[in-house]
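Pasting a structure below so you can have a look.
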Amino acid sequence: MAKGGSGAVGIGYGLTVAAAGMLATAIYAVFLVAPVEATLGISQKIFYFHVGSAINMLLSFAVCAMAGLAYLTVGGARPHWAGIADAVGVATAEVGVTLGAIVLVTGPLWARKAWGTWWTWEPRLTLSLMVFLLFLAYLALRAFAGSDRFGRGVAAGLSILGIPAVYFIHFAVERWGGAHPQVVYKGGLSQPGMRLAFGLSVAAMFLFAAALAWLRILTERERRQLDALYLEVDRRSE
Amino acid sequence: MNDAPLRLDCEGVARVYGRRHVLRDVSFTAGAGEVVAVVGRNGAGKSTLLSILAGRRQADRGRVVVTEGDRPAGAAKARSWLGFLPHDLLVYPDLSARENLVFTGVLHGQARPVERAVEVLAAVGLTADADRTVRTFSRGMQQRTAIGRLMASGARAWLLDEPSTGLDEFGRRWLLGLLADQGRAGRIVLFSTHHPSEVESAATRVLVLDGGRLVADLPGGAGGASAAFARVDGGRP
Amino acid sequence: MKDEIRRYLAIVGKDLRVEFRTREILYTTTLFALLLVVIFAFAFLSDQSKSRIYGPGIVWVTVLFATTVGQNRLFDRERENDCLWSLLLSPAAPSTVFLAKATAQVAFALLMQVPTIVLILVFFDLQITDPLSFVASLALGNVALGLIGTLFAAMLMNARMKEVLLPLVTYPVFVPVVIAGVKVTAVAVGAPVVEDVDTWLRFLAGFDMIFGVVTVALFGRMVRA
């Protein structure tokens, strides 16, 4: 298992450097290329990071659910693949929580400036909150649901259940809230500079998330290899 | 029995807890008619082995295969053939002994669960207390109910974890006779025990576990029992 | 198939029998629900004219809380003597076991809700103008709570922190059910809202169908993970 390790670490470094570079480029584009929005002023710039994080949070969630599905389908028959699926699951969940925290901090900051209140039950922000809570429940299950192995299985089940849940939550909160302003989403990217900055921000947050997830998968792998070594020692001892 | 004989294969079963092995690559085969005692110190892995054989826990490596004749059984078939009596007795404390047995019969697809329950109640000596809830029973009577559960389920392989727990001396003798009878009737019996006398009087074979490893596979009877417990002792406190 | 139906009925019958013998789940959850209603009355009822605004929410919050308590209790019974495994180690299909437990859970929840909702209607002076859709929303909503609650109550049966872990896991998934239930109930009691009741009822029915398939498929795999 140790072979190929340095290659994987190299990819980790590569992703980290790429994420840093892309973040710098995105910040440059957001503040120096994209024009200041006419009605909202400088505060509109937070939108680029807010939405960039939100999109990648949903992506993390989808990957986490796929990993959960793989974990429960492959099951005990192929421990190696189940281990990889599980590592991907926990990594994307933790990255998802991080991105969710960014979304839920930037959202209110922007809402305060745009609508004069810290929190608004705007459907997409509400959906982000619910996805964030689902991720936290996933991590709580892994930590407290029972033995390592059992907790992982239950958490994997929740991540799979989360896919239809997010769909139904989306539908329900869309119709629940009524008429909150959505103009900023729809009409906010009127100029090419803004669209460039937006695209770069989404890409930067994607690389950031991918780098974090990759590094987390690597630490999980290290932990597993260490466990395997301890087990091997235990197996050979009397 | 006119069914093809049953075989239970335990193939390289390992179970891990944290960074320690509870079971290390345990392999053996038990055939129809064998009454196998599993012995070992506390923490040797007896309960874990029995619960993995029963399907209550999953092995981390290796597998358990139940075969009838030469056909490996599917999951549901294997569950219907295996009967398990763990420390947690698997009987409902708020149902009466009779209700527990009828319920088991229905779950296991037995043809006449009510009539069978009456027979089993007589066999385990609970006819007089049949309609009391199990919660009001002494531990020994609860143990009898759980043994009755195995009989009512029609299982062809019995896996019992220290089945004499809570039984008085008469109950113990009755149980050992019952286990030996099951062997003669062509069933597979595996039971864990700490008592050489139980191995001596009922077992046709002894497996010795030490530190999660199968260290000896001996014939039953007095010779096997003393050899097995000599192996178990190892001079530790 | 016939065997599986017999097993299903046996498990449901067993749960009902134990409950009518001990009465502990119905007694405790109903009392808990009634007390919640009283607390809500003190918290929200200073202005009687608002009762049609708050009433629907109070119905569903009460249903949600009391149902969660009952879900944990129902599996306390299966935890004692590790009884759930007497079902799972029998030849019964895992989906049979799951559906039987979910059925018993929904039955207890509905029984508990009858006196609770009557009390809410009396205390809050609410008239149900559209009983059919109200009952439909309760039935569909309880199936939704029952499916997901039963799945996780079974999984968390042996967890030390199950009392708080269960709502932590299930409530985010229950949010759409509560939203739909409150909307339908608001229309049913004549609150000043404009809602399409049919859409919300279809939404609940869709939720039940999708999660019925998903939870049945997941139960067997999760429990043996």
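Order of writing sets the chain letters: A, B and C. Residues in each chain are counted from 1.
By definition in this document, a residue touches a chain if its C-beta (ideal position, glycine included) is under 8 Å from a C-beta of that chain, and two chains touch if they have at least 3 such contacts.
Predicted, not measured: the structure shown is a model, and the values here were computed from it.
In terms of C-beta pairs in contact, A-C outnumbers the other of A-C and A-B. Put simply, the chain closest to the centre of the protein, by Cα centroids, is C. Distance between chain centres (mean CA atoms), chain B to chain C: 38 Å. Per-chain CA centroids place chain A at a distance of 32 Å from chain C.
Averaging C-alpha coordinates per chain places the centre of chain A 48 Å away from that of chain B.
Of all residues in chain B, those touching 2 or more other chains are 58, listed in ascending order. Touching of two or more other chains is recorded for residues 224-225 of chain C. Remark: chain B residues 16-21, 24-25, 58-61, 211 touch chain A in the complex. Across the complex, chain A is touched by residues 148, 151-152, 155-156, 158-161, 165, 168-169, 172-173, 175-176, 179-180, 183, 199, 203, 206-207, 210-211, 214-215, 218, 221-222, 224-225 of chain C.
Residue ranges on chain A touching chain C, taken from their complex, read 72-73, 75, 130, 133-134, 136-137, 140-141, 144-146, 149-150, 152-154, 156-158, 160-162, 164-165, 168-169, 171-173, 175-176. Contact residues on chain B toward chain C in their complex (touch as defined above): 54-56, 58, 76-77, 79-80, 82, 84, 86, 88-95, 99, 103-104, 106-109, 133, 149, 153.
Contact residues of chain A toward chain B in the complex are 76, 79, 147-148, 227, 230-231, 234-235, 238.
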